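Working notes, beginning with the structure itself.
Labels run A, B, C and D following the written order; every chain starts at residue 1.
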Amino acid sequence: MAQKYSHIQQEAYEANMQLPKLNLVLFTFGNVSAADRSLGVFAIKPSGVPYEDLTPEKMVIVDFDGNTVEGILRPSSDTKTHAVLYKHWEKINGIVHTHSTYATAWAQSLRDIPIYGTTHADHNTVDIPCAPPMSDEMIGGNYEYETGFQIMNCFTDKGLSYEEVEMILVGNHAPFTWGKTAAKAVYNSAVLEQIAQMAYITESIKADALRLKDALIKKHYERKHGANSYYGQ
Amino acid sequence: MAQKYSHIQQEAYEANMQLPKLNLVLFTFGNVSAADRSLGVFAIKPSGVPYEDLTPEKMVIVDFDGNTVEGILRPSSDTKTHAVLYKHWEKINGIVHTHSTYATAWAQSLRDIPIYGTTHADHNTVDIPCAPPMSDEMIGGNYEYETGFQIMNCFTDKGLSYEEVEMILVGNHAPFTWGKTAAKAVYNSAVLEQIAQMAYITESIKADALRLKDALIKKHYERKHGANSYYGQ
Amino acid sequence: MAQKYSHIQQEAYEANMQLPKLNLVLFTFGNVSAADRSLGVFAIKPSGVPYEDLTPEKMVIVDFDGNTVEGILRPSSDTKTHAVLYKHWEKINGIVHTHSTYATAWAQSLRDIPIYGTTHADHNTVDIPCAPPMSDEMIGGNYEYETGFQIMNCFTDKGLSYEEVEMILVGNHAPFTWGKTAAKAVYNSAVLEQIAQMAYITESIKADALRLKDALIKKHYERKHGANSYYGQ
Amino acid sequence: MAQKYSHIQQEAYEANMQLPKLNLVLFTFGNVSAADRSLGVFAIKPSGVPYEDLTPEKMVIVDFDGNTVEGILRPSSDTKTHAVLYKHWEKINGIVHTHSTYATAWAQSLRDIPIYGTTHADHNTVDIPCAPPMSDEMIGGNYEYETGFQIMNCFTDKGLSYEEVEMILVGNHAPFTWGKTAAKAVYNSAVLEQIAQMAYITESIKADALRLKDALIKKHYERKHGANSYYGQ
């Protein structure tokens, strides 16, 4: 029976193990999940288990309503946020949550990260959005579930597509990223942290730094994305 | 005879060895102790001995009045601070002192660390307190002993509970943390350093950053603490 | 046949592998090339291939007009910039492009890096130039090709010699460095990142820091360069 | 014959190898020497040789007038500064020069490092002095020799003792440290870098941070120094 999920357990395990390697987590402050849409489930890190103690078998299997399908351990406390996003954003198969230093500091400042250079434009054509803090009712209610909706509402309000922009800051909290695979979602977390650090230093060097101009945003984004992209193999 | 204390020597040794691994100390600028309340003693790092030369046997056994009970080496110069805290705060069994970079910089600024995000709220519901510098009389007297009282007085003045808030900045000096075990106290030191770094960056990004709102503080703290907590296994 | 280029493939491979070792790249955000002027070609990193998967054989051979001469993989997306520089700057045999953190932040701020100390003067007698962003026409046209001309035009406008100043920031983008060998170009990338970080901290410590005075610039540069240099063996 | 100097060659070698390990140097931007006063010479790193290529035998033997006594390689370009300091400061046996990031940034800002906390006071009772840049005549003359005098003059002008304060910033340049042994001088370089980083962060957190009060400076310094010290074994 367990064999049924071993591919996403393996995928989630490997992606989770990248977080400490990429310096994106202290202790257990992060989690990755990997979904199989044909099975309607995802594998996610168990809550509070140190990375060095993880094994593929410990990854918990959860459905898109947040119910545990298989696994002895309790899944990540952020599991419902993952479930909501998988349920409504049908083309993603991996989600990452970290408290990486610079991205979290931007989230704490409640500011979008301005697009200051091509490193940013290689991955996004817009400022990295920062969702506002939730209402006290949402916080006091089904918190992690509502966090998923807060993320989606922010994208709706700003007119963003989750297929183009694969990262967000949750205000006062920390970043979430996603992608077509768990590995891509981890990649996005590392890119976000790098962009966040560079933007912070840029503003320190020049308080009134200018956003990148449209032609350069378009050019760099299209080098790596879309029909005419020519980056990579 | 020595066998009597070997469990806390081992515990203190392992906890001390985590400090360089977590990048919390340069050279010997830190120390950890582990207490056994049934024996009324604690094991603490010997003074000025490099981490790479430590062994469990070198941990010095000291009672809660600061007297060496067993051990050839001189205990940490901060031993009396540990002793005072163990004597008066009866539910702690581990204490850590470091000069970790960001926490120490906040201590040097004489400011409490404002609660800017959920990383902070996951561990504390209040700003990290910074005890004011001592009077010249206290400094010139039994300095390390008085440091313990300065820490406790700060908690009394601010109405804080040492069981809830397990960390403090000693103004102009550096952080102390504690916990139910030495390992937990070390964990708190690493968390404090991370919170301190994030708060510093947050203020650089947004000079007038806002403190986290109460509903979010309560929610995140209760995810990890108390009867209804649901983080971890 | 392939043997013909194996020396520059090896050189380019080794130089590329230095980038992650020197903490100058995240993922694949960088590339190094090594030229053989007698053959009229250079070896360059394939596009988007992770550093851990590189081998000397994977380096792509390209001529100075940017045409692939040998190699199965697609060369770096920045290949045309390398080609233009090799074609017009006839004494360089190595080029590096990275998105290293501090140098990129200066590029994003559109500022030259002021010469604040001898670490800078040991390598350059002038501020590190930052080329302005290109016109929308140049960006929308043959972008990477035009980037090469933007770099050369900046040197012409500022009256700089590419033989003396072996580094530049491309505004809103990131640094390029070069040298008589690929290894020297990598060295220059690491030096630039160090200078960029120090200049950033210097301005944070003293907002109106002064540029180094001429006598000291001259002295330090001549210690390492020219007929009367006396640094090294 | 060579045996005569092998003890200081070994000492200088080991001390030099600590610099990259402690993250105090990029490439070859640093050097350590170790003196034997009974022989009237010191062993110093050869100029421009990468740390990974060093061996004890490559350390060059130089007398206190800066003349090479033994060794095939050219000594560090900063050798005359070392010679001058050994000649006039008769109780030091080790000297270190680095371009460590934060200490160099303070040197570039031409500011003394204010004493903000006990980490600083554990090692010095005064602000870390920053010597002003030299006159153009001194720079254009016997530069490295004059650097030694610039350091000594700064101590005279400020009424400092080289036996108490074992570190200085040379304005616009970088730090020098010294001590009774080469190992102690290296220790001082690492401490200086740590103090420099903390002071920088402290001022960012609180622009008008206060210097440490006298009672606390005295207490912490005397814990580690003098007849009544009680730190260490």
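The rule is short, and it goes like this: a contact is a pair of C-beta atoms (placed from the backbone, for glycine too) under 8 Å apart; a residue touches a chain by one contact, two chains touch by 3 or more.
What you see is a predicted model; the values in this text were computed from it and never measured.
By that same contact rule, can you tell me which chains touch chain B and chain D alike?
none
Quick one: which chain's Cα centre is the longest way from chain D's?
A
Looking at where chain A touches chain B, is over half of the residue numbers used by both copies, so same, or under half, so different?
different
How big is the gap, in whole Å, between where the Cα atoms of chain B centre and where those of chain C centre?
46
Taking each chain's centre as the mean position of its Cα atoms, how many Å separate chain C from chain D?
For chain C versus chain D, the centre distance works out to 33 Å.
Would you pick out the residues of chain A that each touch at least 2 other chains?
204, in rising order.
Drawing the touching chains as a network, do you get a line, a ring, a star, a complete graph or other?
ring
Could you list, by residue number, the parts of chain A that touch chain C in their complex?
116-119, 187, 190-191, 194, 197-199, 201-202, 204-206, 209-210, 212-213, 215-216, 219, 223, 230-233
If we count contacts the way the header does, which residues on chain B are in touch with chain D in the complex?
Touching chain D: residues 26-27, 29, 46-49, 73-74, 77, 99, 101-102, 104-111, 133-134, 136, 139-140, 143, 172-174, 200, 203-204 of chain B.
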